[in-house]
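Consider the two complexes below, in which chain A is the common component and chain B and chain C are the respective partners.
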Partner chain A sequence: MTFSWKRVNAILQKDFKDFSRNTAVSIVIFLPIILAAVYGRMGLDSIQAHYMNINMTFAMVGTYVQCCLIAEEKEKNTLRGLMLSPASTLEILGGKSLLTFLLTIIIVFFSAFLSEYKPANITIVAFAIVLSTLFYIGIGTLLGLVAKSVMESSVIVLPVIGIFTVGSFVTAWTEKYPILKVAEFLPNVQLIELAEKVEQGAGFVQVFSNLGIIGIWVVVVFALTVVVYRKRMID
Partner chain B sequence: MENAIEVKGLAKYFANFKAIEGVDFHVKKGEIFGFLGPSGSGKTTTIKILTGQLDPTEGEAFVFGENVSHLKNPKARKRFGVLTDNSGLYGRLTIYENLKLYCELYDLPLHKIDEALGFVNLKEESKKKVSTLSKGMTQRVILARAILHEPELLFLDEPTSALDPVNTLHIYEGLRALNKKGTTIFLTTHDMQEADTLCNRVAFLNKGKIRLLDKPSELKKRYADSTLTIELTNDEKIQLRKDAAGAEEMYQLMKENRVVTVHSNEPTLGDIFVKVTGGELI
Partner chain C sequence: MSLKFIGTEKHMHDTIVFPAFDLTITAGEVAAICSNVNVREQLIDILLGKKLLSNGEIQYSDEKKLAFFFLNEGLHELLTVQELLKFYHQLYQSKQSLEEITRLVQLDSKKNIKIKNLTYSEKKRVQLAYILIQNAETYIMEEPDQNLDIESKRIFIAVFNELRKLQKTVLVLTSHLETAVTLADKIVRLDDNGLHVIQTEEGESEETPKETVIEDEIEEKIVQPIRFEKIPTKVNEKIVLFDPPEIDYIESTEGQTFLHIKGENFHCSFTLNELEERLLPFGFFRCHRSYIVNLQKVREVITWTRNSYSLVLDDGEKSSVPLSKTKMADLKGMLGLK
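Our next item is the complex of A and B:
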């Protein structure tokens, strides 16, 4: 498979111009920042509160925005143009994900700053945030490829946003409903668990299982995305 | 001469619907080949198979000797350009920004944008947002994008369907110039005049099958009526056969100074299509 940074950068630059002129979608990125500022002023400084906001950033920016961008490319037949160009699958998917990746990381950083979240071990948390970002972008890309239109994409993304933003709350009922134990394997729940362990002084070894589970989600989502993308190459 | 396209027994079925069936043809390098037929005859399906956007149900297709299934390889895609009904542009970007993206994807210098815009007569409009363009202008931008990298093979699906006559003639000139430089052109159209003007050879496609394939001039000769239409000084039009008796009669009319015009009754490609398929070109 070929890889040219020039082609990835060309898609990134195009996406930046297109996104900055698409107010209907770009306005969404301010929501987590506003929420973070409110949380910060309210004095909510528990890990659950910080990660409620971080997970919302993942869902709204990483998944929702990415899903809309991909669905629009499909609906307007511009994705077909990219597929017929010399750009490889990796270059197209990489280029199409880079803007959302950068936006997600920047907004997570600002949200954390505004809600005054200071992790005990920045390296582990940063690594987990990057890994989680990849997962949410992957799922956004997958949903965008499955959706027939931008309208449909903004509907099918809602349950995903629900599960991965507030899904962590259902773990409170696992004693009453043991089936809900599966929710403990959600990447957002794993991230919160990791963050809590880090606050208690855990190092990379102690959070390896959390990173591993998030990593498996990333691999599964990206594998599915590539399969669906290749199917979409054929009409 | 080597073939740019070779198609053997190509078929595509969508559930029970046979879009194309038993299609065989080849396109020589440097040729302008016309694929003619009414809407729904299978022209776009064929282009999509030839550009790797659709898998055939049966048969094989080769582009520059490579099976079309290999066109998913990005390097192979550098060799051709495509304009189809599903080619899209970024509406919020300008014409220039749209073409700049493709210049970078094809690793081309940016001056190619000006050349391509000159080709489609849109040099002055390069800063216009694509969403504000008319259908004809949008079609021309897509065509500019398809020829930006001066492909060896150009697939054009109804390239002038949304254009006015002035721009249509401008595009014809450009396509001829591109062809002179060596680009092979595979053109689908239901405009028989367009095919007659541009194509070296044409294939008539109807209900998914090729009914006729030859040079336009040969087809016209083959289906020509062996009569002449003579317009006389008294506004009467008579038909004479192109034989000794007809010549004798013509001699007589000319001697009497009664002939105003003489026309050979050569059929148009449209006439031939209707005769061969029994259908209309819509």
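Our next item is the complex of A and C:
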């Protein structure tokens, strides 16, 4: 079956309307923005504070919204209809991911704007943010496939929000508990490290290792999603 | 263009869901398969490719997929009718006119209402519009008119006529003969005994008043070859009807009559004499003052003493029924002994 942008576009539009009218889900996108505005007014402008907000946007919008969009189709029994339609799974997930992707990027932009975060090298940071967004959407898809209802999805997304927003502070204790060094490889910690390097005037070459690690996370999550998807489809 | 079942057969856990049958539904024809829910669900799963046939095959034109009308279909409830239909239209890249379809299912006036605010019948009509948008060659409809209001039923019949004109193949899966008769031209009954074609009169399914007449005719036709001789029993407040061949034996205790069927007792309001009279043609035998036995189910005749006998039945529990001395002579006569 050929990949059709028209179908992806149709799903994108449908999901946007669905999403904007489902206030229980759409309200979360305001949370990071409000928080960013508060931070900006409080005058917090450390990289840690900016990125806690950005990482929260990823988890709240990228993961949670994506997870809900997929779980909702399951809960309302509409996924079967979509599966029987000429739209392939790639197109269905593509349409949904595209919506989440756009939302995430827009919210990240607004929160960065409101918290007055101005990266030294916008290209590298933008690239890293896009890459991270892919990772979080991957996680969202994965959880969406596992969750059976919107209710369930909002519960299983909590650990993700916990790990990837507050998890960044764990690095402070690595000297006391060496085992926590593992946390340094988390994509959110890598993103912060990258941002700090950028502030010190690093170019693409210096942050390559950080980008690489985030890239590996993206690949792992996507592979896992494919595996889970295949398994779910057999059931 | 057509849908063909060739030697289609399904077994599950050593039991037959439906035995091998052949059925061809040509283009422009609406066929209905009347069956119980198990058979219906199996058939749908097979058509969906979720389950495999035990034997045989189902043929249909592959170019365009089958369009399914499920009993429990989910619709995106937050969208309005128009938005949803437009979405399906884009998804299927359909070339049909959306206005025409909306008019056909008579939802023009509800265009801007959200799906969740529609009634059940209206949702079903949206679903009908959805499968019309698909413009498939073959439509599989599961219980299309169940729980619909009269207006929607009328619309469904109109849509079915439209599909006939467009030379589409439609298969209705239902448990209700009434649905089958109102919607379909060719009606078959499918159960674990196989496929039975139910004859209908030609060319009369157009006008509504006649339909009830046809229905009655069919009802009679099915029933006529078998004489209606069900035995009513009472279970709590319900009346349950049994076919005579199902009954193992009948017992009378303390002036009350009980039917014994597969190890269960059912109270019956008839007396043994009345039952004997009714059941004689079915091969029942009054073997004792307070027992009637189904001779087809008798396996053994046991002689205890010269004057005492007993019949052992072939049911699951091998229950035994007393046989009185005088009746023994009759039984021997019936069996052709002596």
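Keep in mind that, in the parts below, the second predicted complex is superposed on the first by the 232 of 235 C-alpha atoms of A that agree within 3 Å, B and C clash if a C-alpha of one lies under 4 Å from a C-alpha of the other, contacts with A are read in each partner's own complex, and residues count from 1 in each chain.
Just so it is clear, a residue touches a chain if its C-beta (ideal position, glycine included) is under 8 Å from a C-beta of that chain, and two chains touch if they have at least 3 such contacts.
Just so it is clear, the structure is predicted and the values come from calculations on it, not from any experiment.
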Query raised in the report: Does the chain A-based superposition show chain B and chain C clashing or fitting?
Result: clash
Requested in this report: Check whether A:R80 is in contact with chain B, with chain C, with both or with neither, and answer first, second, both or neither.
Outcome: both
Query raised in the report: Does the superposition put A:V166 against chain B (first), chain C (second), both, or neither?
Result: neither
Requested in this report: Considering only the touch criterion stated at the top, classify A:S88 as touching first (chain B), second (chain C), both, or neither.
Outcome: first
Requested in this report: Look at A:K14 in the shared chain and tell me whether it touches chain B only, chain C only, both, or neither; answer first, second, both or neither.
Outcome: both
Query raised in the report: If you lay the two complexes on top of each other, which residues of chain A touch chain B in one and chain C in the other?
Result: 4, 6-7, 9-11, 13-14, 17-18, 21-22, 76-78, 80-82, 84-87
**Report entry** Partner chain B, residues of chain A touching it in the complex
**Finding:** 2, 4, 6-7, 9-11, 13-14, 17-18, 21-22, 76-78, 80-82, 84-88, 233-235
**Report entry** Partner chain A, residues of chain C touching it in the complex
**Finding:** 48, 65, 68, 70, 72-79, 83-84, 87-88, 90-93, 130, 134
Report summary line: Residue positions on chain B within touch of chain A in the complex are 48, 51-55, 72, 74-75, 77-78, 82, 86-93, 97, 100-102, 104-107, 145
Query raised in the report: Which part of chain A faces chain C closely enough to touch in the complex?
Result: 4, 6-7, 9-11, 13-14, 17-18, 21-22, 76-82, 84-87
